[in-house]
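Each chain carries a letter (A, B, C and D) given by its place in the written order, and its residues are counted from 1.
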Amino acid sequence: MSAPTESRPLNIVVWNENVHESRGDATVLGHYPDGMHTVIAAALREQHPGASVSTATLQEPEHGLTAERLATTDVLFWWGHVAHQDVSDEVVTRVVEAVHAGMGLVVLHSGHYSKPFTRLMGTTCSLKWRNDGERELVWTIAPEHPIAAGVPHPIVIDRQEMYGEYFDIPRPDEEVFLSTFAGGEVFRSGVAYRRGLGRVFYFSPGDQEYPVYHHADVQRVLANAAAWAAPTSERRQLTADPHPRDWFLSGGSGTQEA
Amino acid sequence: MSAPTESRPLNIVVWNENVHESRGDATVLGHYPDGMHTVIAAALREQHPGASVSTATLQEPEHGLTAERLATTDVLFWWGHVAHQDVSDEVVTRVVEAVHAGMGLVVLHSGHYSKPFTRLMGTTCSLKWRNDGERELVWTIAPEHPIAAGVPHPIVIDRQEMYGEYFDIPRPDEEVFLSTFAGGEVFRSGVAYRRGLGRVFYFSPGDQEYPVYHHADVQRVLANAAAWAAPTSERRQLTADPHPRDWFLSGGSGTQEA
Amino acid sequence: MSAPTESRPLNIVVWNENVHESRGDATVLGHYPDGMHTVIAAALREQHPGASVSTATLQEPEHGLTAERLATTDVLFWWGHVAHQDVSDEVVTRVVEAVHAGMGLVVLHSGHYSKPFTRLMGTTCSLKWRNDGERELVWTIAPEHPIAAGVPHPIVIDRQEMYGEYFDIPRPDEEVFLSTFAGGEVFRSGVAYRRGLGRVFYFSPGDQEYPVYHHADVQRVLANAAAWAAPTSERRQLTADPHPRDWFLSGGSGTQEA
Amino acid sequence: MSAPTESRPLNIVVWNENVHESRGDATVLGHYPDGMHTVIAAALREQHPGASVSTATLQEPEHGLTAERLATTDVLFWWGHVAHQDVSDEVVTRVVEAVHAGMGLVVLHSGHYSKPFTRLMGTTCSLKWRNDGERELVWTIAPEHPIAAGVPHPIVIDRQEMYGEYFDIPRPDEEVFLSTFAGGEVFRSGVAYRRGLGRVFYFSPGDQEYPVYHHADVQRVLANAAAWAAPTSERRQLTADPHPRDWFLSGGSGTQEA
């Protein structure tokens, strides 16, 4: 029952659709010359020096998410925006099943509409939005939550896209952050879920047009989220099996799994 | 903002895969000569005399769930077991989208593994089971919940299939019932969710081999669930739309929708 | 199991400490010449024409909340601010026990620090605040919740005291409203709880220095909250009693209570 | 923001009313010659070798819970049954305020009716019971929860007092265990809450008449609960303070606390 990462490094993969970057959007490349994923990965490496952090993109074979690679991924970060429909259903199923079996998933910003997130939520994940470069304040409403550790109250992000309620998500298992915007809107910007044996965290700050992933406090949240989402036991499939009467009496203490 | 059913009858559709019955399973036909759906529908009619209650089955064109019919369905009951994979994805998407837009859904027993339920939950919905005809007790843990109104504590079901934890569902928004079985297992047997603008209730008692849907208390739960799941406003799509600054100042009181 | 108010009018009592008014605070009396409670009560009367709505204040014997009166109160509204400590513990215990037995309680604004509310929450109920007459926007995050029915998204309150997070309350059973303020803060401004057999709703808009209780949308929320908090069964005490084996087999269907 | 126990041992205090033992109940002394607290403390010492584990009882001055001692207690265990009313309100307030400021609290069995627990819950905490020495099965419904780590599914306790629903507690923040009893009842036997900055865990197995605290799996749960409830930041009071406009802009990153 020991954590899988006790005897090896924490294995983090940062996935980015990498389309804004690939097609040469000047604003995006200004902030992220090598892609958002590289900045996010560098931040995670700095804060988790013992971890193995790598990246994957839509353009790679199987989007860089082969079954073999996912099998040893502890936490997957997901950034997508304009190419959600280009992600193959086979890879999405693979990601969803990995979460069910214990993999952590951290979904970023416009990933709210991604296939893996909407399939894990079961809702439309729709929201209100406005790209007006306005100030976002990220308030902590779970002060002792590990994802909020070391994070100021509020985080001040000078320029950001606005995401506003109603955000059509299931009731979160844990609400960590609420954001307000200069225009007056509010958004549940940091929400946590269990899905099967895996943990899912959605964090909304991070539009491609603003340097949000360079923000030290945002990086701290991402690093905290990676630690929080990491599995605590070996990955396993949940199945529906018949159980004869008194099946639980046959084993010794500690032998059955939930 | 008035409830859609204020000016017309509550419209309930009971869907059944109807496969055990169609292929002539003697035990099932013994309890339900015209199919489980007819017994459930009759019970709902009796308890909601003003409602319009009809049935639909897998074998009908589009499984009896055309877009036109679903558009005016307030609450859909769903019973499936051996033919989940035979339900067309197109119809499933239609059902899921109707829930997102406000339709109520009541999922019964082995429907835990149905396509609409697993898509709305985002988990595997796996569980433990044993068909040994043992006593199930259904305990209320939300005494004032409308779905538990008029229901004894516990409901005693003399013979039932056992469903046991771990039941791989998201944390319920509301837990109404917990069941215990003679063999010692426990199951979260009555759980409620919001998905989009619609309500979803899962209720596990009801195997095809036992006359559970003839049980007066079970019928009461189903009738309560229909009332609880009925939409309270007109169906509408949730979408992600841009909103200019101060969009909310233009309208008068009561004009914006969440 | 029928609702207690089916055969008689819904009985609402609006309690106000009535201290700002009694001591002649000019601003408060400007908005509420006869006290905030009279304005709230008038609004409830208008929206629930069939209900019996009365008021009670700190200055009355037993603060107007005798055992006899509370025994038939369906929903109690509570407004307090500077005199929380002047409310007798005996009356507070009476209120708390009435909630446990099924009475609804709607706590307003600075009532977050009242004895009944803090005793029902079990937390400090502390928060951040600033009285700067700034705009509050009240956003709905539970679009189909009955307390939000007919309410615009957002409610716009031109001038209000700011209440901000961290608001030290238990995780709400239901979150209905989130407020933002011109200064950038956020607040969980409409939160719902079950405590025993009773329902509790806290709604923060409503400082004594601003005419918030004259606001049509705020009045609508209060009326909705009264309907939501009203008990659905006869009041009863929850106790710890011994139960012999098979106690539940002796009665007929529907005879046991949770 | 580092955990307070990083630079010193985890400090656990096991409190027992110690009345059954003091008055010489033969059955209790048969299982626990030196009191239940000594067996619990020994188990915690064994599983947390680096921790400082001590005991306190009702009979000591200030019940062994002086302000000074509580100030450095990370996790307090609480066992009470027949002497809840003999615990001084002053000490209870001290315990509750310590929880609000970050101390962990683990409440055991008949402690459901203790003053600290009922004050933190805000409900009656009533339940059904029967002392018939029947088998209890403790099922995990949160398989990856740290309190369930290494625990079999189910834990089998051969003889126990029955505690049954309806258990009048607020909706738990996390449900970890459900128990069933040979007589058919069910109980939410492992439930977790946040109250202020502190964590509270209630675990029902453990009647004085049965050797439950000698059970290896129960001991594992208690040890897990101690680790889970331990504070992650320095203790601090939550207060309601005025905040001028833009107060959050003055500090540098990481300087404000929620």
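Keep in mind that, in the parts below, a contact is a pair of C-beta atoms (placed from the backbone, for glycine too) under 8 Å apart; a residue touches a chain by one contact, two chains touch by 3 or more.
This structure is a prediction, so every number in the text was calculated from the model and none was measured.
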Shared chain contacts [chain C and chain D, defined touch]: A, B
Chain D against chain B, contact positions shared by both copies (same if over half, else different): same
Selected interface, A-D versus A-C, where C-beta contact pairs are more numerous: A-D
Mean-CA-position distance for chain D and chain A (Å): 33
Rounded Å distance between chain A and chain C, as computed from the means of their C-alpha atoms: 38
For chain D, residues that touch 2 or more chains besides their own: 137, 139-141, 143, 153-154, 164-166, 184-185, 194, 248, 258
Chain C partner contacts - residues on chain D that touch it in the complex: 96, 100, 113, 119-124, 126-132, 162, 164-166, 168, 170-171, 173, 183-185, 193-196, 238-246, 248, 258
Chain B - residues contacting chain C, complex: 1, 102, 137, 139-144, 146, 148-154, 156, 194, 197, 199, 216-217, 231-233, 248-249, 251, 253-258
Chain B residues touching chain D - in the complex, by the definition given at the top: 135, 137, 139-141, 143, 153-154, 164-167, 178-180, 182, 184-186, 188
